[in-house]
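These notes open a run of structures that come right after.
Both complexes below contain chain A, partnered by chain B and then by chain C.
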Partner chain A sequence: MKKAKKAPKTQPETAKVSGTAASSIKKWLDFDLDIDSLPVPPPRESAEDDGGDETPLLSRIPKSAPRFVYTALAAICSIVLTATLILTVEGMPRYGEDQDYMDTVTYEYITHGMEYTGAVNIVAGIILEYRAFDTLGESFVLFCAVTCVLVLLRADSADSMPEDVVFRDLSHDAILRRTVLAIVPLVFMFGVYVLLNGHLSPGGGFSGGAVIGAGLVMVSVAYGGDVSGRIVSERVFKIVTTCALSFYCLGKSYTFFTGANGLHSIVGNGTPGNILSAGLILPLNVAVGMVVACTVYGIYRMFDKRSF
Partner chain B sequence: MGNLLYNYEEAVALILFSIGFMTLLFHKNLLRKLIGMNIMDSGVYLFLASMGYIYGRRAPIVENGDVSAEHYVNPVPASLVLTGIVVSVSVTAVMLSLAVRLYERYHTLNLDEIYAAARTRREHR
Partner chain C sequence: MEFIRNFPFFSVAVFLFSAVICSVLKPRAARIWTVAAETAVLAFSACVLYYTWSTGEFFRYNMGHFDAPWSNQLRAGVLEGVAATGFSLILLLSHIGGMRYVNADIENKKQSAYCTLLNLIGAALMALAYTNDLFTGYVFLEIMTLSSCGILMIRRAGRTALAATRYMVINLLGSGLFLLGTCLFYGITGHLLMEYIGAGVATLDATGDYAVPLTVTIGLVCAGLAIKAGLFPFHTWMPDTYGTATPTSSAVLSGIVSKGYIFLLVKIMYRVAGVNTEAMTAARHILYVFGILGIILGSVWAMRSAYLNRMIAFSSAAQIGYIFVGIGLGGTAGFTAALFQLIAHGLTKPLLFLSGARLAESSGDSQYFADLQGAAHRNRAAGAAFTVAALSMVGIPLLAGFPVKLYFAIASVQHGILVDAVTLLTLAVSTLLNALYFIRTAIRIYTPSVRPAEKNESQVVIDKKSDPGLAVAAVGFALAIVSLGVFPGSLSSLITTGLSMFA
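So, the complex of A and B:
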């Protein structure tokens, strides 16, 4: 990582800016709240001379007093927070004891969860039936995150990395290629297994999707973006995430609507324990898993090459 | 001393949370702040997971049709941890990309130097 040039600290501006402690705190706080300081498109010419010239950067910020005050306040905050948390732990019920406060919701989930949702894995039943809209929100959080990363890291930005930041291209390493070739099928198989058995065993859409995404990242590292781009290109990414999220919305809306109104649903629960059971949990797990796999791979590609 | 020694797992989780919080406050490097944030997340996960545990009970996966609530640990914290993990991954990705953009523009990850550079740039305008 490039160290910034250490600016000389004996500059006339230091005295001017720091002044009394109170005024410099005020300036320091003002700076935080000033909307002007947010990156409005900067003048390009000043962006050019920013790297080269000898502007004493550190001398402009009021250094001594606010830093001390900030450190003291931060220390007080940390101590108070830690003490409060530890005291709270002392007042909590003992670890691992039978919980009298295990409330009716938990009781209901365990005793009737399998009957109502058809899922042997009670956690999968909770997150994809009882709290399905929460899980939909999580998928949208992931989608928004990858969209933000796409917007922020597009290769067409005018700023660029400094020249001395070098990323090693590993895509011609023979050992890495052979190892990945041996491992990746197993990784994909395990990911698909976790994905499809989400309602029967530990796992589910998020973990299985993360495993598949990790496999895609491995392919991308060892063989370069051209090979992995054949599996997941930007177009595939858009189509898959949009279709999966739309399917989740529509399918879950349908079962919620029919369930709430007591209508007959075409989605049955099946026999708990079978692979084709638990209503919509299996397809929803697959949808979530595809979103997660594309997200993991997309974020990696954006950080690596600035494009898909 | 109340239950502090019995609740060692929760205590460790909250100490982890505090370590992450202090990392967030005391370090100037953006990447270290990010790592502190992730340590805080880990503390929260450990806290939730230990809150749900009950001695001698199984993971909440029904075996042999046995659905009595006395045989399984609390499944609610597990589903909450899942939410937390997803949100933390998303937040980490967005913060990392913001850090990359800041590094490209200011050629440093030190937050004070970024502030100072932004201020000089604003004064030039």
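So, the complex of A and C:
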């Protein structure tokens, strides 16, 4: 349908190359027609910019006003979507509105969560016991992200960092160094606390790991990659990530396997409230925390210096 | 509980664990480990398929010590078994077949990372095939999106970064819409397990409560997954993406990644939102229209492509259109046609990419049709493999593409004169267009080369580099295509049984 509009533009050129349309079709089928000389498919150079003529729809917009049309279309789409979503929210159940069938799951979590999982922090119980498979997936999302960043940014032999890219080097700033020196021990301690108390109080692997990762980034900013590299070198990064994820994968697989097969699990729940309680939640929080810390730090290093 | 019921979970866990292991292995070891993992999962999936088919029952698998609806759950029936077997077979063959190109295209240091990403894609596909939980579906959808970007951009060549970015943007748009939909489903039903949402939606549909949120939710989920699968007009990332990635990546992305999203969509239609609720019927009709447009326009763009990869990529847009037409037609016949096409296209497209890459390699690494002339004489095996796949795409009898078109024609005749006419006409036009560009390509690669460089030489230069991996993969794919074409009834009866278990 849109092709028809295209035809007048290309027809004269086609005709120049190979006579009438009918004969060029015949030639096309007999491959006497040199495809490269045809005007319709873009030559290699014009293919470089944006897919050329073959990119449908957008390229059909007249060249004089593409940005405007694009912006207008984008605005219309956004407005329509926003309006629809607002309308939807308006129709959603009100907060706290009584709908018995909607509360079955949450009610169970709140009333029996602590008893069944041993975690005082119900959220930790939900994400690491009830819905542990999702959380296993989430930690692999992080692993996947850091793998992709390594693949994309890792400086390799072929292309090193371009010379003209200069990052602001803050590692000689005295004020920054002193401040970081004063803060970082507290940051690490807080991170470890959040990590280890994830089953007792708000926090857990993801938040604690993010705090520790932020601490590592601070060290790296203030003292340079050499110093932070002594804490987390590439070797340490790999060992920690691999061990933590393997532990998570195998440990949780054990729970899933025993649970699904109705076997007795050797992991007990302990007394809720004790530091050593809630079964696998504590070690899993530590494992998740390490993965998160390494991911945060690793991604920062890749964006900063493209190496550890 | 029989031990075999653990296999769906093992399929996911094996891939996840081997992803971690591969990240620290040396490239060679990582390759061997990954192929072993893929083979193991293929065996697991085949066992699950056989088990569910022979017992005639599906089973659920609680992920942990808690019963539904408190915890995550997997579910395996015949259809899940078919999908898992198909996905793992295609993953294994694509990986083996393109291994030599992976070694050439990707820096040695990053090969372990490539294996890690392939494992993650495998894990995500298995999880999407088996999950009974909508949010688990979302989590593994994210893993699949990220790792597919990874296997795209890992090859540092020309436009890959641009292609990967474009792919990422469109895919994240799809993920975002799907996540919104998932949240809204939770908001109006209070559950994340598919059966429980399904029951809630059925009640809401009957009573008419929350009609607006329900409609919007279904629209968001369908739109999100259709965008991710590359339905017209969101297919614009395909040519660059498939054209610039290493052949294994193209094969995996076109063969199974986009199919994984569609399988999840079918699952949601049957088990969550209900195929025939009012909103879903409307959504399916919209998908039908875009499917029809995609079939025609994809073929038209494919005809205008100047080089091979791009043509194959645009033909993917058309083939994805078929699947959505089947979904739009609905009913057992429509969904059977759609799912048959899902498997048949998944087996055919990787073979096109892999053998196409081989043909291009023997033509001086050029994908241009002009250079490809006579390629099949330079490399007979690759030429034969390409021809089998191309003829299957056209829909020649005895190959997988023929029953697809037959099933679509059968499915269309139950829907009144207009739909019937439009579908049949589209099928006819699309077959004609497919035949034009695929058979023309097949003829071109079999026409002796007349390039000036070779005019002086009396004989065709035969490409003698051996590639046992590609040979194994090509034979595997070709056998699968032919057996699907000769015995289509076996797969379609499995699908029909599976669909009846789905409901």
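One rule holds in what follows: the second predicted complex is superposed on the first by the 225 of 308 C-alpha atoms of A that agree within 3 Å, B and C clash if a C-alpha of one lies under 4 Å from a C-alpha of the other, contacts with A are read in each partner's own complex, and residues count from 1 in each chain.
The rule is short, and it goes like this: a residue touches a chain if its C-beta (ideal position, glycine included) is under 8 Å from a C-beta of that chain, and two chains touch if they have at least 3 such contacts.
Remember, predicted model here, so these are calculated numbers, not experimental data.
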Looking at A:Ile212 after the superposition, I want to know if it touches chain B, chain C, both of them or none. Which is it: first, second, both, neither? neither
Who does A:Cys77 touch here: chain B (first), chain C (second), both, or neither? first
Touching A:Met302 in the superposition: chain B (first), chain C (second), both, neither? first
Touching A:Asp134, do we find chain B (first), chain C (second), both, or neither? both
Which partner does A:Leu250 contact after superposing on A: first (chain B), second (chain C), both, neither? second
Scan A:Met92 for contacts with chain B and chain C and give back first, second, both or neither. both
Which of chain B and chain C A:Thr106 touches, first, second, both or neither: both
For A:Lys238 in the superposed arrangement: first (chain B), second (chain C), both or neither? second
Contacts of A:Met114 with chain B and chain C, given as first, second, both or neither: first
I'd like to check the shared interface: which positions of chain A are touched by both chain B and chain C across the two complexes? 3, 31, 36, 42, 51, 55, 57-58, 85, 88, 90-93, 99, 102, 105-106, 109, 131, 134, 138, 141, 144-145, 148, 152, 157, 159
Which residues of chain A touch chain B in their complex? 1-4, 31, 36-37, 39, 42-43, 46-47, 50-51, 55, 57-61, 63, 71, 74, 77-78, 81-82, 85-86, 88-99, 102, 105-107, 109-115, 120-123, 126-127, 131, 134, 138, 141-142, 144-146, 148-149, 152-153, 157, 159-162, 200-202, 206, 272, 299, 302-303
In their shared complex, chain A is touched by residues of chain B numbered 1-4, 6-11, 14-15, 17-18, 21-22, 25-26, 50, 53-55, 59-62, 67-69, 72, 74-76, 78-79, 82-83, 85-87, 89-91, 93-94, 96-98, 100-101, 103-110, 112-113, 115-125
The answer for chain A against chain C in the complex is residues 3, 28-29, 31, 34-36, 38, 40-42, 48, 51, 53-58, 84-85, 87-88, 90-93, 99, 101-106, 108-109, 116, 129-134, 136-138, 140-141, 143-145, 147-148, 150-152, 154, 156-159, 238, 241-242, 245-246, 249-250, 253, 255-262, 265
Would you mind writing out the residues of chain C in touch with chain A in their complex? 1, 5-6, 9, 13, 16-17, 19-21, 23-24, 61-66, 69-72, 107, 109-110, 113, 116-117, 120, 123, 127, 133, 135-136, 139-140, 142-143, 146-147, 149-150, 153-154, 156, 159, 180, 184, 187-192, 200, 203, 210-213, 216-217, 233, 236, 239-240, 297, 300-301, 304-306, 310, 314, 368-370, 373, 436, 440, 443-444, 447
